[in-house]
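Shared between the two complexes below is subunit A, which pairs with subunit B and subunit C, respectively.
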Partner chain A sequence: MKTPLSAYGAVLEARFRTLLQYRAAAAAGFATQLFWGLIRVAIFTAFYQSGSAAHQPMSLPEVIDYIWLTQAMLMLQPWGVDPDVRNMVRTGTVAYELLRPVDLYWLWFTRTVAQRTAPMLLRAVPMLLVAGLFLGLRPPASPAAALGSLLCTATAVALSSAISTLVLLSLLWTVSGEGISRLMPAASMIFSGILLPLPLFPEWAQPVLQALPFRGLADLPFRVYIGHIPAQELIGVLLHQLLWTAALVWLGRRVLVRGLRAMVVQGG
Partner chain B sequence: MDTLRLYFRYVGISVRAQMQHRASFWMLAISQFLITGTEFVAVWAMFDRFGTLRGWTLPEVGLLYGLIHVAFSLAEGAGRGFDVFADQVRGGEFDRLLLRPRGTAFQVAAQEWQIGRIGRLTQGLLVLLWSASALDIAWTPARVGLAAGAILGGACTFYGLFILQATLAFWSVQSLEVVNTVTYGGVETGSYPLSIYRPWLRGVFTYLVPLACANYFPAHALLGRADPLGSSSLFQWLSPLVGLLFLGVSLHVWQFGVRHYRSTGS
Partner chain C sequence: MPQILVQDLRKTFSIAEREPGMWGAVRGLVRRKHRTLCALDGVSFSLEAGELVGYIGPNGAGKSTTVKVLSGILYPDGGRCEVEGRVPWKDRIEHVRRIGVVFGQRTQLWWDLPAIESFDLLREIYGVPLQEYRAVRDELIERLALSPFLDTPVRQLSLGQRMRCDLAAALLHSPSILFLDEPTIGLDAVSKLAVRDFVAGLNRDRKVTVILTTHDMDDIEALCNRVLVIGGGNLLLDGTLAELRAQVTRERWLTVDLEGSEEEARQLDDPEAEVISHDGLRVRLRFDPGVVAPAALIARIAGRYRVRDLFVQNPPIEEIIARLYGNAPG
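After this line comes the complex of A and B, so read on.
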């Protein structure tokens, strides 16, 4: 099925604009994340002042940068599925989606990109400003780090959208979909570095953490920003993110084909 | 007595209704167990790396963590009615409650128990039991009573917070998630010793939202530690009662809110 890219562009723009309207929710989210960040900084500071801080894989200022970047980019994480699509599956209006002259996978992927970026931007901009001015978030380690982390964040959007779309597609199987849509956030929370900066996990866990796709969501962009991953290694980082994105898109498309074959449209 | 019986009748109906969707229930419970369990993995990983937190060991922090998580899960499960209350105000359904011959707080409280929250409860209990056995504490009846009191005091405080959050809906049906800073934020803060925080944050969780009274202070009595913040032993033993007080105040605020309620109409 060939569709001009402009169709997806229009969907993206429309969804993006709609989601930008939720400013009160963004303000409340910002306040929550700010408070949460202050608590986390206090906890990590206390740990660093208690144990041997010298031999740690990250210094305390680096961890503090990491925390504020986490708080700013939280909405980028593949948590929560598009409520509209969830309703469509539940009520049966998903049938209309099948009639549209666009590829269903990319249609839902595009919606998800908007879902992941608009709320994130609304919160990230004030958070980076406030944390940068008052709360100890330092600027990127170098111009290369700044550019690199921007690139990595862009690929993180693609990766997060691929994961979210996969979760969305799992909803075509009602019960197991519910499980997947609940477990994926748990996996991404712990394996992306949102809960605890990945370098602080025990050494034996590192190979697993490095192989999984989730670190591309947070850990990699953040550490490129901080300079904890030198700019020379950027290619490897991007490759890790992009390969996983491609794999998950491929998997998502396979799931969609099988899902459509098995789907029974609800309602009459 | 009659009120209590009616309450459990309501609750029984809610529980039975949820158990109709058995697969869904198990999914919710297991996923919540895993999601909240990751939080303790993070705590454990930090102790694995740093060994101690200002002189606190992992089992000691586990005690704080277990107490607050169990307390929160109880309040979260039982207080679901208040959690979804804003939608009832928005839809005008609260009017119906006003017509019935029972208190409004009672009806909102009784309408749902979310049993899927058993996931967090189990996780918190496991951490609590592990800590309780790993620690060198003589579990006399008095100490067990204090631990149970701390959990109930904490549950009352969280429950009070849910009531306050719901009360806000009488004035604004806009997003009320700011209260999450002290509920979910309170769980996070309370999972670690209060003494590691700055004075303003300690103040918030001691005087404004007295979660420390259900967690940090009684834990000192249980552990037999001297409190660097200087609380007395008598206060530590009595502090869970503050949770009851907080719940009472919240209910009064609720009554105040009900008197100022204006239906959305529709």
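After this line comes the complex of A and C, so read on.
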């Protein structure tokens, strides 16, 4: 008997609902992102006004759009791991996860999807509204760009969840998981375009940035929205995201099999 | 073919060790020392369907490791293990669908949700048809008297309430085998009795096979007719409680309540029995029924002292287990 998909659906829903309760954290996150967004917009405006904007790979309005999208979608980044699972591994309650008649990889992947989406939605909706109404964020370049960026964002959720799940699985060896779960967001901040829009990186860095999976988390969906990547090239963008997702899922499943063999359930 | 078959099961853990103190911590960065701990060193037993077996042993004896291997959580290093023909760690998903497990020290309920929502979630995860689920759930709620606190978030439940909810959670998918790992740990007397009654009823009415690990010998005496005793990764004994007693010691205890003064009580002695404790006017002696017949001993003591009351009993099971490990007090 195969595990019905509804099992994962139920876990996703329960976790999602729980996470939606953290409204104070979302409000604080929103305020912080708004503040940083304003500063970043001011810095880029100053740069563009002092230099020759003509030679830049992105125009100032495009950069401003990019920045507000960054601020709105920040929680989509593979920040940390599901605190519940971390706790379970620390205390040994993880044993119960193995007692469920479901595939452990997809169970944890599902939890991670909830972890990536619920906090993001809580922050993204007000941020897009405020930035769109008052702070210069323009609507998507075209209906095709709107649809395309939605599609890219959905695949970005899958990609981010695959990365986070891989980090989560490292808990099976390191218990506390502090190390990797701090390194990963740092790498992702730089290589996804959150810190600096990727087109503004020097020429020599571009091949590396193109190859890495991280641009699928922010840069690609944002540039599709802005129209910086034309809608015709959408297939290539999605392919990049999906291939990386598939590779990371494959790797995660391999890691899990090895991890379970090595696993020691903590405590009596 | 027995329902559960365990042959020569082995499991070792590698434990990273660190010398204490700052210097130890620094050295640990460069060189790790590992120690191998043998949790199971060739354990074999088999169980028939419908048995209620007590699995006992001191902390670190390998009880929980056995339960974790049998329930498919841990991979053993060697040996054979089949449950209803399934190899737990190989057919994990198929296996866990048909067993229920309760770890007394942890909860499987979602901490922030009311228990009833965890139940609904478990129904989805196990894919139990709705009608069947409702029937099973309602019966469990009634038998375990859960209704007063079903809608309270689990984090606010008392330990006894939580344990009853956990028992229900482990049984919603009607497993044929139930593993209970220290289900009464930390519970008060009333909750312990409730858990015991429930487990006994489950085994009697539903023919669910129960494997119970515990430190509470009252659990064992109340529930199990067969016990497996494990120590140092080896099975020390497999038999009934009576056999356990007979194998370790034939000793009985005679408790005598005297009339008169405590001074008198302190002077009580007998050539063929040994006084083991004084408590006011109560004196406890131990004797071997093979050396002196209980009736003769009682007659002699009643003749020599002013006896108000007396009774003969078996030594408590804790005492027997302790002797089995060879570290009996006294």
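Basically, the second predicted complex is superposed on the first by the 263 of 268 C-alpha atoms of A that agree within 3 Å, B and C clash if a C-alpha of one lies under 4 Å from a C-alpha of the other, contacts with A are read in each partner's own complex, and residues count from 1 in each chain.
Here is the rule we use: a residue touches a chain if its C-beta (ideal position, glycine included) is under 8 Å from a C-beta of that chain, and two chains touch if they have at least 3 such contacts.
Remember, it's a predicted structure, so these values are computed and weren't measured experimentally.
In the overlay built on the shared chain, the residue A:I39 is in contact with subunit B alone; subunit C does not reach it. In the superposition on chain A, A:S50 contacts subunit B only, with no contact to subunit C.
When both complexes are overlaid on chain A, the residue A:D103 reaches subunit C alone and has no touch with subunit B. In the superposed pair of complexes, A:T91 makes contact with subunit C only, with no contact to subunit B. After overlaying the two complexes on the shared chain, residue contacts for A:A28 are found with subunit B alone; subunit C is out of touch. Look at A:P4: by the touch rule set out above, it reaches subunit C but stays clear of subunit B. Within the complex formed with subunit B, the residues of subunit A that make contact are 24-25, 28-29, 31-32, 35-36, 38-40, 42-43, 46-52, 56, 175, 178-179, 182-183, 185-186, 189-190, 195-196, 200-202.
Within the complex formed with subunit C, the subunit A residues making contact are 1, 3-4, 6-7, 9-11, 14, 18, 21, 91-93, 95-96, 98-103, 260-261, 263-265, 267-268. Against subunit A, the residues of subunit B that register as touching in their complex are 23-24, 27-28, 30-32, 34-35, 38-39, 41-42, 45-46, 48-55, 174-178, 180-181, 185, 188-189, 192, 196-198, 201. Only residues 13, 59, 64, 68, 71-75, 92-94, 96-97, 99, 101, 103, 105-108, 110, 112-113, 117, 120-121, 124-127, 182 of subunit C touch subunit A when the two sit together in their complex.
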